[in-house]
Amino acid sequence: MSEEHPRSRRRLALRSARLEGFSDGIFAFAITLLVLDIALPIRSPDLLRSLAAEWPGYLAYFVSFSTIGAVWLSHTVITEYLDHADQVLLRLNLLLLLVVSFLPFPTRLLAAYHGQARPERVAVTVYGVNLLLSSLLVSVLWHYSTREGLIRPDAADDDVRFLTKRLNPAIAGYLALIALGLFLPFVAVTGYLLLAFYFILPIGLIRPRRIRVSPR
Amino acid sequence: MSEEHPRSRRRLALRSARLEGFSDGIFAFAITLLVLDIALPIRSPDLLRSLAAEWPGYLAYFVSFSTIGAVWLSHTVITEYLDHADQVLLRLNLLLLLVVSFLPFPTRLLAAYHGQARPERVAVTVYGVNLLLSSLLVSVLWHYSTREGLIRPDAADDDVRFLTKRLNPAIAGYLALIALGLFLPFVAVTGYLLLAFYFILPIGLIRPRRIRVSPR
Amino acid sequence: MSEEHPRSRRRLALRSARLEGFSDGIFAFAITLLVLDIALPIRSPDLLRSLAAEWPGYLAYFVSFSTIGAVWLSHTVITEYLDHADQVLLRLNLLLLLVVSFLPFPTRLLAAYHGQARPERVAVTVYGVNLLLSSLLVSVLWHYSTREGLIRPDAADDDVRFLTKRLNPAIAGYLALIALGLFLPFVAVTGYLLLAFYFILPIGLIRPRRIRVSPR
Amino acid sequence: MSEEHPRSRRRLALRSARLEGFSDGIFAFAITLLVLDIALPIRSPDLLRSLAAEWPGYLAYFVSFSTIGAVWLSHTVITEYLDHADQVLLRLNLLLLLVVSFLPFPTRLLAAYHGQARPERVAVTVYGVNLLLSSLLVSVLWHYSTREGLIRPDAADDDVRFLTKRLNPAIAGYLALIALGLFLPFVAVTGYLLLAFYFILPIGLIRPRRIRVSPR
């Protein structure tokens, strides 16, 4: 059995490289597609005012960009700690990519239905559920990796615990904001932005990790 | 002649890296482009109902996403077993990418013509033929690789036979579903979804492969 | 001076990796974007006929896909022989990418203006000029690399001469077809398809290169 | 503590590979998306004239392509000198990508509002601010890297000083052109093109760097 190890390892390493390349492609593409959803203002002599009137589109763009950016950052951290991938992980990752690449659609909904009482609530709820699912699947990806021993044996226990602590409250946050969005839609959207910032801004995350590597 | 081997090997290895990068790019873009085909519902006071009425669009999105995901997974497995590429393989791969990157078009057809008796049958048939071709070309890619000795010499015979066994029945399945689609269009679409799941779900595939690599 | 070599080499190697990644991204994206230009047929009870009437769109799609595929194949061969990149090569490559990523626009023109005597000639000419420029820039890239000594010193002279011989006649071919297109637009388009096949089909290219690597 | 270094280095190296892959993806998509913004001319018997009338669209395409190309080149140079990334750098990079992937929107504005006195000025100003921000963020990325010691210790001081000298005047240039654009919109656009060329054209940059590596 020990003879087979080098082969298996190489095969798994290759697969993990393509997992990262494919995922990076989808993250990058989904994030860039968002700009197509920003509507060109109707031709009018006062372009500045028409542009300003499109603010829900810019906000939706910014929230979605930040969320995909945050998911990408978490995904990067997970694959960094990954020792190897298995067949189930590849599928879970595909599910996460499905949810991420779907996000441009609810983003378009959000921008299109702003200010129309009831439709706005529906749009914000659909948007929130999409964000919740992406956050949930990042968490599932991480928990699966730790439970199945796919994490690098030399990963510091502190780091693993730190990431675990960070992923769970976000899910609770998304659930709370979806409920809030039924009453105050754009307050919820602002909340989604803050939640994305919670992952993006390096407060805390940066504290224990600022490593100064001495020159070789 | 033996002197030339290291050079040839390096050249071929490089080419295979770009084959994977280029293919991953096209898979990732084709899968993300699908979301552009989901039509924004017509502005109506009852957005929830309008959204629900668009279900053929979501179903088409989901089936196409699953199929491209399944093709990507098979492609990943094939390149894993690949020792090196040759000129013909690069061209066969290009043909597969042509078919995959065309898929967003029949997906759009499927969503647009739902519920219109005769046009629906045409749309479902065009869609099915596209899926059949992609499945066929994955199979051709694999058979060419095994026949021409492009497979890594250390690949276990069991694994090679296993993959061969899995690729052929899918083609028969697609042929049967195309015929069925002439009478029951959306039953065939559900069948296409199940066929994609047959490749995506790791039943069987996972059985012989759950490798636990001991810490270095 | 000899001390500085390892550093320079590593820097240049990195740059060449990003040149390939960035180029592959643009090739893959431009080739996948083409599908967006295939118009959904106007809703009609006879979808099959409407689809058939869109044949210039499919032909344009197929010619553009084949051409970008051919350029990608040539690009792959060039970077394979590349020992290192320099600042000028990066810029020439950027110019090639400009031309390649512009191709979806004339492709759209071609499909939209089919059958309208004079506009069709304009569209086919614009299209041909774009193809000519891409072919020309591939050739420039290759000639610059050989002249400036960027080619790997261990590249066989035969291979270098072979590629040089292949790139030049294509330019003459494109010039002839642009002239022909002024009189017989869609004959020229068929010619563009054949020219792309001349690069894609491995006749000749495969002859001296089918290397059988013995198992390690 | 010294025991931890190899692990940390490997983790950081991986992260930097994905930073490059993800960034290259976004640069490549943003640059290719620009072509979608070139409007198909209104069907008219004189296609040549209609095409010529769309010149602001081509100019906008060309300026934006050149600018993203220039940012990509600078980004490539920065990551070449990078020894490792830290958490803050990943976020600053995300901010740069936000600005770059937003550029297709003002590019569309520019093409759509050409020739309409006041709206044109607004469009050119929005466009200029986007370019300024991208230039500013490239500069911030570079200054942060040098200040925080993320640069490779073996980087020549000359090269570092050279790049620093090149990045700052561009910001002043963009500020001047934004002001000019309020009075002479399309003169400013031409200025933006020249500024992009200032980065793309290898004058100066090529001078100290044309390294001729002797054959191995």
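Labels A, B, C and D are assigned to the chains in the order they are written; within every chain, residues are numbered from 1.
Operating definition for what follows: contacts are C-beta pairs under 8 Å (C-beta built on N, C-alpha and C of every residue); 3 or more make two chains touch, one makes a residue touch a chain.
What you see is a predicted model; the values in this text were computed from it and never measured.
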(Q) What are the mutual neighbours of chain A and chain C in this structure? (A) B, D
Q) By how many degrees does chain C turn when fitted onto chain D using C-alpha atoms, rounded in steps of 5? A) 90
Q | Same-site or different-site touching of chain B by its copy chain C, using the half cut | A | different
Q | Euclidean distance of C-alpha centroids - chain A vs chain B, Å | A | 25
Q | Distance from chain D to chain B - Cα centre to Cα centre, in angstrom | A | 35
Q: Could you list which residues of chain C touch at least two other chains?
A: 21, 25, 29, 33, 36
(Q) Considering only the defined contacts, which chain B positions touch chain A in the complex? (A) 20-21, 24-25, 27-29, 31-32, 34-36, 38, 40, 43-48, 51, 61-62, 65, 69, 72-73, 76, 79-80, 154, 200-202, 205-206, 209-216
Q | Sites on chain C touched by chain D in the complex | A | 5, 7-9, 11-12, 14-15, 18, 21-22, 25-26, 29-30, 33, 36, 83-84, 86-88, 90-91, 94, 97-98, 101-102, 104-105, 108-109, 112-113, 116, 118-119, 122-123, 126, 149, 153
